[in-house]
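Could you have a look at this structure, given as structure tokens, before my questions?
In this document, chain identifiers A, B, C and D correspond to the written order of the chains, with residue numbering beginning at 1 in each.
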Amino acid sequence: MKIGYYPGCSLHGTARELDESLRAVSAALGVHLQEVEDWSCCGATSGHATDHLLSVALAARNLALAEAQGMDQVLAPCAACFSRLASARHEARNDAEIREKLPELLGLPFTNTVAVRNLVDLLRGLAPEIKAKATKPLQGMKVACYYGCLLVRPPEVADFDDPEQPTSMEEVVKAAGGTPVTWNHRMDCCGGAFSLSRTGSVIRLGRAILDDARTAGADAIAVACPMCHSNLDFRQSAMALRGEAPMPIFFLTELVGLALGLEPKALGIRRHFVSAAPLLERQCAAGKGVS
Amino acid sequence: MAGETRFRPHDVMRMVQRDQRARLLADDSIWLCLTCETCTARCPNGLDPARVVDALRELSMTEAPGRIPKAIAAFHRSFLEEVKRTGRMGEFGLVLRYKLRTGQFMKDVGAVPSMVRRGKLKPLAPSIKGVKGVRRIFEKCAEARRANGQEEVRP
Amino acid sequence: MARIGVFVCHCGENIGRTVDCTKVAEALKNHPGVVESVDYKYMCSDPGQALIKQSIAEKNLTGVVVAACSPHMHEKTFRRAAFGGGLNPFLCEMANVREHCSWIHEDKEKATEKAIAIGRTIVEKVKRNVPLETIRIPVTKRALVIGGGIAGIQAALDLADGGAEVILVEKEPSIGGHMSQLSETFPTLDCSQCILTPRMVEVYQHPNIKLYSYSELESLEGYIGNFKATIRKKARSVNEELCNGCGACTQVCIQKKIPSEFDAGLGKRTAIYVPFPQAVPNIPVIDRKNCARFKAKAKGILKEACGKCAEACLKGAVDFDQEDRFVTEEVGAVVVATGYQLYTIGKDQPEGLQGYGEYGYGTIPDVIDGLQFERLASASGPTGGQILRPSDGKPPKTIVFLQCIGSRDPQKGIEYCSKICCMYVAKHTMLYKHKVHGGKAVVFYMDIRAAGKGYEEFSRRAIEEDGAIYIRGRVSRMYRDGQTIKVQGFDTLAGEPVEIDADMVVLATAMRPQPGIETLAQKLSVSYDRHGFINEAHPKLRPVETNTAGIFVAGACQSPRDIPDAVAMASATAAKVLGLFSKDQLEREPTVAKVNQDLCAGCFSCEHVCPYGAVEHKEIRDRKGVLLKIVAEVNGGVCQGCGTCQATCPSKSVELQGFTDEQIYSEINALAGCVE
Amino acid sequence: MQEKSKSDGAFEPKLTAFVCNWCTYTGADLAGTSRLQMATNVRIIRLPCTGRIDPLFILKAFERGADGVIVSGCHPADCHYTSGNYHARRRFAVFNDLMEFVGIDPGRLTFSWVSASEGAKWRDVVNEATSKVKALGPFTTYPNAGLALGEVAHASA
């Protein structure tokens, strides 16, 4: 399988491990990622919060590039990038005025033919292969699957899974041999882009998520968004007011990579602020596969 | 985030209906929205409060720029500036700009070494090849705003 | 020489707004054969009709064209007016310039042009109309009532008491409908079964009512006064003649854990069962999907399994080999009263509807719907009337009630208001507070709609006397938190979020028509709206009639209704049907086919295509009685006037009165501007 | 034959609709009561049933200057008269070939089923048929008018 790849800025910075683990997992699963050449920022929150047209155009530039490079679908592993690209595609499909303006704004032809896919969507499609190739399944690891906001909302843009009770991340975790836990804050917001500007809010929201996952008995949380990861991982030490035990935060690709028997180092797991080592050692000691 | 705001999504929609623009823009509620899209997904009438909030923020940039929470405005400006300069968001550049704007030089400084150690913070990134194309988008959008009689959004 | 009068109606502003009525009248004045052409504000009003009558006399008119609304609306009115003016009513026709013109166009010039064209077409047709005489047909004074809920029961009893014979068809094993499931009823809190069961028994014992329970309408043929209904009596597997309702069979049944439909899934029943103790008729039925014997048979096991019920029956009434049977009944009128179902709270939703994942899609056992709460509160329910949680059987200390689930939600559900929920939620809070002292009842509502006699007072009582807490706002989500359900919502009046730890949540889900209503409506040739509710003939003036003559509608299959509404509608249908039955003969329009026997060659192609068997053979003999030829003849009482015979006849020797070839060609010509 | 109506120079086709009284006529009434806006080009001729429609009506309409024709009745199995629409359907299956034979583009003739509850569908039928015929341009005469109309009549009967 071949798919266009839009890493997005975070994957070159704070979320390097997502880029690394995605590439490693894709190679193991026979997915060829073709990076969109000369991609640019999707505009993120700062784009759509300040100028609607700008936000659509910044995202659409990448779709236009993908189109010119002969791709029919593009994977945006960052949930926020996915949401921006999918929104641009949605707007261009439904708003004739914007559709007509775009080629001139971009200075590029744009016919809106490239489908946008998110990470969970891709991995869910590969679940049978993951299951078949899982040499070190995550037996016994209890995982709280955290969707956050933008993977499934708004439903007409994301166009993926059930907007209120999604199941795809759980399906992937199951395929990797893990045990998804039932918990409540799967779809609550982590504070997103406020990490810098309203750190207090991020800590409040993040704590609620961590507490709930802990109550549900989770060993770790799986995410599919660099912002969620950064907020829950980097800011976790500030959230542990009462000295709660650390909760490792994994990108979904990292968990899949572990199950496929890839080295934690190759998956970038050592880059986490909350170390996953104790958990992985426990798993290993219990003879439960993961090295 | 609704818990931290004075006006919640339904208040915002109601105030828009009653054309209470000044009251809305004078408050920082709309800037505290994280666009988690829950309101839009659950509105029984199929309305899209998240887009309305976006539109209000856009209005606010030109009509009440002074009312935007400083830290948030600084973040958005720094972000867009960085994108306009290089075509991408380099976190180092973003944080640098943000700190220059807000004067919060010491915040999170302690985290820098650990960030670097983990390979998560790269020095100032070079521009992408097609950065001109990105700047063109910024300029065209600014033109469109001027044509609509709106002030330019200044990143 | 034709002398046609044209009367253009403004219909207040309904036509006048987009059609220049004066210009239409002027244009048609110059149309060949037109001797009078005027416009008037309201042609259907008394002065309007007087205008027509007066013109007929003064101008010696031979035909009348009223350019106004749809003929389905006022053709009868104007034909009566023409008759009053001394004209044969069938020389009057309507040009539809409202529904087919002014209401569907905005461009005044184009609409006016179109209205003139429509007028010309009808003028050309009327020029060729001939006087016709009304046909009289006999009426079968027996009514079919479909649905044995409170509406059907009321209609059947009123009709039977009025002297008509009634055939009552109920698809479930017992009559009673949803009302029999209710605990107490608003706004008086009288026990539902106490007021309903005597009426059910009355139905069973009434000499004029024949009850087909566990039966469905298979097909309906015919027309007003003369319908033929075929009814499928589903195999009950119990001989109704022999069974004495002792109940021995249900005692011995080995399948005891089937969710009871009557208890809305909260209670259990056996495979051979009577839905509830007061069922009418009190005859069990075997649920073949769940019966061990039938399951074994379906699996291909040859040996006969179980059969305990048959052994237990002293009357030998259990009959495993019973099959569906069909009976036909001739009836003169039909009352549709099939009632409602509730919006499902499960994840699987019918097409076009979404569930409520934020409320757990019904995966949390203590989140139930309104009917389930009724069963919990009912003395005959699975808990004997104690309010207990389905999950652990403990009495809930806090119940949260959510209104408008599915209703008033065009995004996920349906846009209409289900009407009864505000009232029954108020009732639920009262029942709960009366049964669980110290319990806390919290209601989330959007608006309280308590329009009805004593309704507002009732809902105030729930708040003021029984202390229910009403919060205006919606719940954004709920989830299980240990033994309780966390309910998060927003109080829009206080302007702040609320979080409640509830032990049980009751969803007041929307009312929808019964599944399969579309199929039934098609069998009856009645129209239904996009939600599946049966359309009434006129929303204000003909609320219990349908568009098909002789078919009436009562209760919640027409729109969400409460009990008083359903009963009132049912009695209204009875009055309508009895009015119909008060005549020995019905008058029918003479739009029937007639054979020109000089031209007819006797090929009988018409006979093959006639859906009604209205074509008969007639021998033509000379004066000496020598057979000359056999020709077709149409029985005017049987012919319904579809005209298929005419389109089929190779020699064009059969003609449908009122729609002759000459008339239709003149219309086609008129549209092209060719007027002869 | 009348001159083709023109407004603003744009071609405004004339369409004649043969509809049954019980389903489509009522459906068109419903479109009216629902105030659904549609093209002004269609003129309705009301018949009791599609079974009453003689294929000659359609040829006559074209001959008399219609640019397009709509035939619409009850859905299969929904006929007020039980089976009239089935006879109509059988008749028109044969008739379609004849249309091509005499040189009428089949795109000028629209068959549809519109029930009494389908006001919106009627609007769509009207609008789609109108734009289709608009695209085809005015209907001038039978291009293959090798045979006289009378012969056509016999062929269709």
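Some notes on this structure:
In this section, a contact is a pair of C-beta atoms (placed from the backbone, for glycine too) under 8 Å apart; a residue touches a chain by one contact, two chains touch by 3 or more.
What you see is a predicted model; the values in this text were computed from it and never measured.
Taking the mean of each chain's C-alpha atoms, the chain closest to the overall C-alpha centroid is C.
Distance from the chain B centre to the chain C centre is 55 Å, each centre being the mean of its Cα atoms.
Rounded to whole angstrom units, the spacing between the C-alpha centres of chain A and chain B is 21. Inter-chain spacing, taken between the CA centroids of chain C and chain D, is 32 Å. The residues of chain B that reach two or more other chains are 38, listed in rising order.
Residue positions of chain C touching 2 or more other chains, listed in rising order: 358.
Contact annotation for chain pairs lists A-B, A-C, B-C, C-D, with touch applied as defined. Within the complex formed with chain C, the residues of chain D that make contact are 1-2, 7, 14, 16, 22, 25-26, 28-29, 31-33, 35-38, 40, 43-49, 51-54, 57, 60-61, 64-66, 77-84, 87-88, 91, 115-117, 123, 157. If you check the complex, the residues on chain C that touch chain A are 347, 356-358, 361, 479-481, 486. In the complex of the two chains, the chain A residues touching chain C come out as 162-165, 184.
Listed in rising order, the residues of chain B touching chain C in the complex are 2-3, 8, 10-11, 38, 42-46. Residues of chain C touching chain D in their complex: 70-73, 96, 98-100, 103-107, 110-111, 113-114, 117-118, 121, 221, 522, 525, 527-530, 535, 547-548, 591, 609, 611-612, 640-644, 646-648, 650, 656, 659, 661, 664-665, 667-669, 671-674.
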